[in-house]
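What follows is a group of structures, each given as C-alpha cells.
You will see two complexes here that share chain A, one where it goes with chain B and one where it goes with chain C.
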Partner chain A sequence: MAAPLVLVVLAAVTVRAALYRSSLAVFIAERVEVASPLNAWKRVVEGLALLDLGVSPYSGAIFHETPLIVYLFHFLIEYAELVFMITDVLTAVALYLAIQDFNKVVFKKQKLLIELDKYAPDVAELIQTPMEMHYIPLKVALFYLLNPYTVMSCVAKSTCAINNSVIAFFILATIKGSAFLSAVFLALATYQSLYPVTLFAPALLYLLQRQFIPIKLKSKSFWLYTMQYASLYLCSLVVIICLSFFLLNSWDFIPSVYGFILSVPDLTPNIGLFWYFFAEMFEHFSLFFVCVFQINVFFYTIPLAIKLKEHPVFFMFVQLAIISIFKSYPTLGDVALYMAFLPVWSHLYRYYLFYKKFLKSCILQMLHSRLRLCNLSSTPATVLRNIFILSCVLIFCSFLFPVLWHLWIYAGSANSNFYYAITLTFNIGQILLISDYFYAFLRREYYLTHGLHLTRQDGTEAMLVLK
Partner chain B sequence: GGMAALLLLLLLLVAAGPGPGRAEEERERRDALREELLLSPLPTGDVAATFQFRTRWDADLQRGSVSHYRLFPKALGRLVAALGVRELHLALTQGFWRTRYWGQPPLQAPAGAELWVWFQPTVTDVDKAWKELSNILSGIFCASLNFIDSTNTVIPTASFKPLGLANGTDHHLLRYAVLPREVVCTENLTPWKKLLPCGSKAGLAVLLKAERLFHSSYHSQAVHIRPICRDASCLAVSWELRQTLTVVFDFFSSGQGKKDWSLFKMFSRTLTDTCPLASQSKVYVDISPKNKEKELLEVSPPPTSVHEAVVQGDKKTYAVYDLLNPSLFNTSRSLNVQLKWKRPQDSSEMPIPTLHAQRYVGGYGLQTGEICTLIYNTHPYRAFPVILLETVPWYLRLYVHTLTIITKGKENKPSYIHYQPAQDRRRPHLLEMLIQLPANSVTKITIQFERALLKWTEYPPDPNHGFYVGSSVLSALVPSVTAMKDMDLEQSPLFTSLFPSSDGSSYFVRLYTEPLLVNLPTPDFSMPYNVICLTCTVVAVCYGSFYNLLTRTFHVEEPSRGGLAKRLANVIRKFRGVPPL
Partner chain C sequence: VCTSRFWFNYRHVANTLSVYRSVKRLGIPDSHIVLMLADDMACNPRNPKPATVFSHKNMELNVYGDDVEVDYRSYEVTVENFLRVLTGRIPPSTPRSKRLLSDDRSNILIYMTGHGGNGFLKFQDSEEITNVELADAFEQMWQKRRYNELLFIIDTCQGASMYERFYSPNIMALASSQVGEDSLSHQPDLGIGVHLMDRYTFYVLEFLEEIHPASQTNMNDLFQVCPKSLCVSTPGHRTDLFQRDPQKVLITDFFGSVRKVEITTEALSLDQNVAGFESKFPEEELATEPLKYAEQLPVAQIIHQKPKQKDWHPPGGFILGLWALIIMVFFKTYGIKHMKHVF
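Our next item is the complex of A and B:
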C-alpha cells in the first residue's frame, strides 16, 4: 500500500517542481482565486520586508498572517517552494493515514451492526466491502495531491496549504483518538484562520464515540470529557497566542488577523460571496450584513452536531465545506481540502451506477409490458442526484474564472458583474454538491435500517420522502 | 442741547487726536509691505510672472497681546494665534511646472492644493488643531481643504524642515497634505487678493485679473506664514506673511510665433501707481544673457537700475523698475514693460536644470501597476543626495519589497528609508528615502502596487476618470556651478530669500513631480439591489437545503386521500360508472 502512495507523492512533487520552473508560476501566483489577501505569498514577503525595515508588519493593511507564519518564513523564505511542497505531501499523508484508520473503524462498526442484526436484511448492496475500501485512502491522497486546485494553490505559495496541513493533522489526531494532539492542532488551526473553531464539535463527538461515552446531556462522563477536551483546546490556544505575543512583543496581530477576517475590509475579488456583496452594500447596513454572513459558518454547527452525532467524520466534511463556502476570503485551496474527502463517500456515488442499471431494466420493462409506468422516483437509487451536472458546473466555473477576470480587468470588455456571476455559480455548485452528499448520506442511513425495497402498507412499492 | 453735543464732540476730538496718531506712527515702523514682480522669459518661449507680497510685522502673534491689525490680515493672524501655528504653507496650483523645459522655478507647488503646517510645541492635540485649521483655511480661501483628513495627511520625517525660526524640529508637530484633485479658479483668487493691504486697487496687484491669470499654462498661488528674526541679533521674533503668485503665459503659441511680450499683453493692464502702503515696490525682468552671447533682447522703457545676482546656481541679470522712484511715472502716466528679441533665438540649446524628475505609472490592466520615478542629475562632476517623499493613497496597495532603485545599471541603496504602510480607509502610504545621485546620471525608482476594489460609495463621481495620486516631493541641496555670495536677506530680492541657503556652494531646491492618474477596478454602480438579492438568494439556497435535511426525516410516502380535485374526479367517475382513481 505504501508503494502507490510514494508514486502519487512523486508524481505530485514532479508536477509542482515543473510548474515552479515554468513561466506559469508567476501567472498562477497573481490569480485572485488562489491567493486571497489573507494568504497571498506576495503579502508574506511584504510582511517580512516590513520587518526588515523595522516597521511592524501589522501596522499596515497588507499583511494578515499570524506571527508564527512570520517566524516560520523568517528562516525558511529561501526554501519556500520546498516548504510548500512538503506541506502538501504531509497533508496528503496525514489524510491518507486518517482515512485508513477511519475505514477500519467503519468496517468494524459495520460488522458489529450486521452481527447484531441492526441492518435490514436486503441491504447487502449497501454494505461497503473491504475490497472497495482498500483503495479509498490512496484515492484521498490522490485527490488532494493531484487536484488542480491544490497544485495551483501550492504553485502560488498560498499559505492556505499550511492551514490545510494543520487541519489534516488535526483530523489524523482525532481519528487516532489522541485528545491532546487533536486539541493542540485544532487550536493551531483556529489560530491560523479562526473558522476551524467549528470543527470542535465533530472532533468531540468522534472522541466521545471512540471512548464509548454516550452522548447524553444528563450523563456525567459526557460533561467531564467535554470539559477536559475544551480546556485542553483553550489552554493550547492561549499558549499559542501568548507565544505569538512574545514573538513580536505586541498584540497588533489580533485586530490585523482576526479583525480582518471578521470585518472584511479588503474587497479584492475572490471566489467567495463577500467581496461584491460588501462592495455594493449600503453603508449603514454593512455591519448588520457582515454579522449575517459571518454567522453562516457557525450557524449550522449545532444542528449538524445533533443530526450527525453518530457520524462525526461526515459532519467534519460538511463543516469543512461550509467553512470553505462561507469564509470571508476563500480560495481554491480551501475547496481542495474538503474535495479530498469525496472518495471517502464514494459508496454514496455507487448508487448512481446502480441507478443506471435500474433505469435500463425499467426501460426494458416498459418496452415489454407497456402496462406499468416505471416509477423512477420510487427507486432506492436516487442518491447523489446531480453529481454529473454539479461536477460540470464546478469544472466550467474553474475555467471561466480566469477568462472573465481577463475580460473585466485586462480587456475591459466585461465588467465586474461577469466575474461576480461566476462566483455565484461556483458557490451554488458547491452548496448543491454538499447538500447532495448530505442527502445521499442520510438516505443511505435510512435504507440501511429500513431495507432497500420499501413497501407501502398496501404492499406496493413506496416512495421515500423527506417530511 | 445741540450746542452742548457739539462741544462734547469737539472735546472728544481734541482728547483723542494726538494719542492714536503717535501709536500709529509707532506701528508703521513695526510693519512693512514689500511687493515685487519677477518677469522671466523661459527657455521654451513662455513667460513666467512671479508676484511676491511680503508683509513683515515686528510683533509676536503667539503672545496673544495683539489686537490691532494694520497690514497683516487679521483672519490669518488670529488663526496663527488661536491654533498655535508656527509655520503655515498653503499653495493652490492649476497646471504643472515643467522643470525640464522651464528651468528651476523660484517656488514650485504640486498640482492641486498643498498644505503643510508646523505647530507650536505647546499644541497638545496636533491632529485636532490640524483638522480645525484645514477647515478654517477652507473657508478663508474657498478651497476644498476640508477634504484633508487622516487618509491624505502624512507626517514626513525629513523632507519638510521649518523655513522660519525654529528651536526644535520634532516632526510630530508637522502635518502635510496634498489634494491633487483640487481645481483652482477665480473663487480662490479673490480671497487671496483680499488679504493684500491694497487689495487689487493699487500697486502690482492691479495686474491680477482673473480672466488673464487663468488663461495660462500654469497658475500657482501660495501663502507662507513663518516667524523670522527681527534683526541680526535675533533676540525677538517677527512674523512674515508671503503671498506669492506664479503664472506662466504661453506666448510662443498664442503670439503668432513671436516671443515678444509686454505687461499689457500678459495682463491686459499696465502699472499706473503704487500701493501707498508699500515700502518697496519693484519689477524685475530677467535679462540674463544666454550662451555667453551679447544681449539679444531689449527692454523698454529703460530700467531704473540693473541688478546682478546668483540665483539657484546661475548668474542672473535683472532689469529693475522701482515703482517708488518718481521719475518712472514722470515721462508717461503708466508703466508697460516690454521685451523684444533682437533676433530669433535658436531654441535647440535649452539649458537643462541640474535636478529634474519625471514620474509615470507602468503596467496594464486593473490588477497591479508600477510607479516609476526618474530622477536626473545633470551636474557634470558633483554627486548629491536627494530626499524623495512619496505619498500614495491607501487604495493603491504598495509593496515595499518590490522597491528598486537603479542608477547606471546598478542598484542604488538608499542611505535612509522611512516607510509607513497604509491602513485601509485611515492612512496613506508614506515613503521617504535619501538617495545619492551620482554625477551625470539617471536614477530609476520603481515600486509595484495593487489596485483595490472599493465600496461603491467610496468612488468619486465619474469613477472611470481615475484617482489622482499626489506629486512626489524631491528636496535637495544642489551644488551650484557658480559660487554665490552671502547676501543680506533683507535687501536682496524677495524671490531669492524664502529658502535659507546653507553656504555659497549649494542651494536648496524643492521639486514636485507630475501627479498620477490611476484607474481602479469599479463595481457596477447600478447593481446594489440586484447584488444584495442575488447573493442573499445563494445564502438562502444553502439555508433552505440544509434546513430541509436537518429538520426533516425520511418517511415512506403513504397514499394520500387526495385533494379536492381528486375527490371531484372520483365523484364524476362514480356517475360515469368508471372505477375511481
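Our next item is the complex of A and C:
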C-alpha cells in the first residue's frame, strides 16, 4: 500500500507547489475563511519582524501564536512553503498509519464479538470485511491531502496545518496504544489551541479499552489508569508551558494566546459563530455570552462520553467536528481535518445497497407467496439519509463565501447579515452532517446487536428513531 | 463670482466668463484672479454644443476653453468660501490659487452675478449672502489692509441693495438695477435654447472691448455705459466712500494690470551687496559639494544590499531544554537499545 500513498503524496505536493507559484496564492492568503487572527501567516511574519526589532511580539494585539511556533519559524521562515507542504504530508501519513491500525483493531473486535455470539443472526451484510476496509487508509490520506479546504489552507500558509498535524500524531499515538506519546502530543495540541483538551476523554477511553480495563466508576484499575494518563498529560503540558517561558523570559504569551482564544476580542468575520453575536452585543452582556459560547464547545464531551464509551474513535471524530464547528476562530483547515475521517465510516451507507438487494429478494419471495416478515416501507431504514443534500449545502456555501464577502466589503451592496447567513448555513450543514453520521452509527450498532428486522412486542415492524 | 447653477442660468456663467476673459485680455494673470463658477454649463447634457459657453448669439464667441482656470467650482461656491476668500481666514491647507493674496497696495475688482433680491444674493439655490455680511467682510478687509481700492460690480435683480450697507473707505460700487427693479437678459439663442447674457453685462463688455491696456478712459464713462433705453433697468453706482474723484480713476486701474516698466541702458554693479552676503556663509556652513539628486540614492548600493542579519536568537537555555525533552520522549518510546542505531 505504500506505492499508492506515495503517488497521492506526490500529486498533492504538485498541486500545492503549482498553486504557490500562481497568482492565486496571494488571493487565497487574504481570505478570512482560511486565515483567522489566530493562525494567519501575515501575523507570524509580523511577530517575527517585531522580534528582530527587539520588541516582544505579544506586546500588540497582532500575534497570537505560541512561543514554540516562534522558535520553529525563526529558523524556517525562508522555507515556509516547504514546511507547510511537509506538514500536510506528515499529517496524511500519520492518519494513514493510524487508520490502518484502527482497521485491524476494528476487525479483531468484530471477530471477537461474532465468536461470542453477541451479534444477531441476520446481520451478515452489516459486518465489515477486510476486502472493503483495505482501501480505507488510502482514502483517508487522499481525502485529507486533496481536499480543497486543505489545499487552500496550505497555500494560505495558515498554522492550522501545524495544529492538524499535531492532532494527527496524537491520534496515531493513541491508536498505537502508547499512553505516553499520546499524552505528549495532546499536550502539544492543547498548548497550541486549547480546544483539543476535550480529546482527552476519547483518548482515555480508547486506551482503557486497549488495556482491557472495564469502564466502571468503582473499578480501582480504571481510576489508576486515568490518574496515570491525566498526570502524564498535565505534566507534559506544564513542562511545555514553562519551557516556552524561557524563550522570551516572560509570561506574556499566556494572555495573548489563551486569553485571546477564550475572551474573543477580535471580531474579524470568519466561518464561525462568534463574531456576529459579539459585534452587536452590549458590553454589559459580553462576558456572560462569552462564557456561554465557550461552555458550548466543551459541554458535549460528557454526554458523548457516556453514549459512545464503546466506540472511542468515533467519539474522537465527533469531538473533532464539534471543536471545529464551535471553536472561537474556526477555519477551513479545521473542517478539513475531520472530513478526512469520513471514509472510515463510509460503511454506514454502504450497506444500503445490500439492503436494497435484500428488499428486492423480499419482494420476489412475496410474489412467490411465501410469508415473510419483510420491511416493505419505501424509506431506507438504516442509512445516512441526508448526505446528498448536506454535501450540496456545504459545497454551495463554500462557493458563496467569497461571493458574499465581495458583495459586502467591496461592492457595498450587501451587509454582514448576508455573510453571516452563509456562515450559519455552513455550520448547520456541518452539524447536520455530524448528527447524520452519529445517528447512522448508533443505528448500525443497534441493528448489529438486535437484528435487522425490528419488531415491536406485537410483531409489527418497528423503526429506530433518534430522540 | 457666478452664484447660480443649473442650465437655465447659462447667462450668469456666460457673464462671468466674459468679464474674466476681458480682464485677462487686459493683462491680469490667472494667479491674480479668483474665479468662482458652478461650471455646469459646458459639460451639461442639455448643451447642444458641448465644451463651449457662448456669450453672443450666433455662437460668435466661445468664452470657455482650455485656458479658463476655475478656482472654486460647483459646490465649492458657497457663502462661507466666498467670505473666507475675501477676508483671508482660510485653512492653511488651501492652495494659493484659491486665496486672495492681496495687500494694502492692491486694487481689487469684484464682479458678482446671479439671482438676488432686496438686500441679499442667492448662492446656488440653497443659501444667501446679505448686504450686511458683505459690508462687514469689506470692513474686515480694510482693517487687515487687504485692499487699496475696491470696485464692486453686481449684475442681479435689485442689485443696488447690495451696496447700500458698505461703510468701509475706498469702495466704489456699480449695480445693474435699483431696488424694486429686475435686471433683464439680453438675447436668447435659439440654437442653444437659453438666454446667453444679461443686458448690463453685455453693454459693459461692449464698452470694455474698446479698452486696451494703455487707454485713459475713466470711471465716469463706465457709469454711463447702459442707459435705461438699452438696459430697461436703471443701473446705479455709489462713489461716496471713494476718496479719489471718479473722473480721475482709470478703468485699467481695476480691469487691467498695468505695470510701470522702466528701460534703462545703464549697467548697475551689485558687487557691494553680494560681498556683504557672502561673508556670512563660510562660518555657518561646512564646505560640502553640492549633491546631485541621483547621487543621494545610490541605486547600486540598494540593489545589492544583503538581507539584514537577524538580531534575535532564542536563548540557549530554551534550545537546550527543548531538545533534551525531545530526545527524552524519543528514547522513552523507542527504548535505549535504539541508541546504537542512531549513533
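Convention: the second predicted complex is superposed on the first by the 434 of 467 C-alpha atoms of A that agree within 3 Å, B and C clash if a C-alpha of one lies under 4 Å from a C-alpha of the other, contacts with A are read in each partner's own complex, and residues count from 1 in each chain.
We adopt the following convention: contacts are C-beta pairs under 8 Å (C-beta built on N, C-alpha and C of every residue); 3 or more make two chains touch, one makes a residue touch a chain.
Predicted model, so just to flag it, every value in this text is computed and none were measured.
With both complexes brought onto chain A, simultaneous placement of chain B and chain C is prevented by a clash. Legend: residue contacts after superposition of the two complexes on their common chain; A:H74 is shown touching chain C, with no touch to chain B.
Judged by the touch definition given at the top, the superposed model places A:L424 against chain B, while chain C stays out of reach. In the superposition on chain A, the chain among chain B and chain C reaching more residues of chain A is B.
Once chain A of one complex is fitted onto chain A of the other, the partner contacts of A:F396 are absent, as it touches neither chain B nor chain C.
Once chain A of one complex is fitted onto chain A of the other, the partner contacts of A:F222 are absent, as it touches neither chain B nor chain C. In the overlay built on the shared chain, the residue A:Y439 is in contact with chain B alone; chain C does not reach it. By the document's definition of touching, neither partner reaches A:F107: not chain B, not chain C. Contacts of A:P265 after superposition on the shared chain: chain B is touched, whereas chain C is not. Chain B is struck by only one stretch of chain C after the chain A overlay, and of the options 5-13, 59-67, 95-103 or 311-319 that stretch is 95-103.
Residues 53 of chain A lie at the contact with chain B in one complex and at the contact with chain C in the other. Of all residues in chain C, only 308, 310-315, 317-319, 321-322, 325, 329, 332-333 touch chain A in the complex they form. On chain A, the positions that touch chain B within their shared complex are 30, 32, 42, 45-46, 48-50, 53, 55, 59-62, 265-269, 273, 275-283, 293, 296, 300, 303-304, 306-307, 325-326, 408-410, 415-417, 420, 424, 427-428, 431-432, 435, 438-439, 442-443, 446, 450, 454-458, 462-467.
By the touch rule above, chain A contacts chain C in their complex via residues 51-54, 68, 70-71, 74, 178, 180-181, 184, 239, 243, 246-247, 249. On chain B, the positions that touch chain A within their shared complex are 364-368, 394, 397, 399-401, 417, 419-425, 429, 450, 452-457, 521-524, 527-528, 531-532, 534-535, 538-539, 541-543, 545-546, 548-559.
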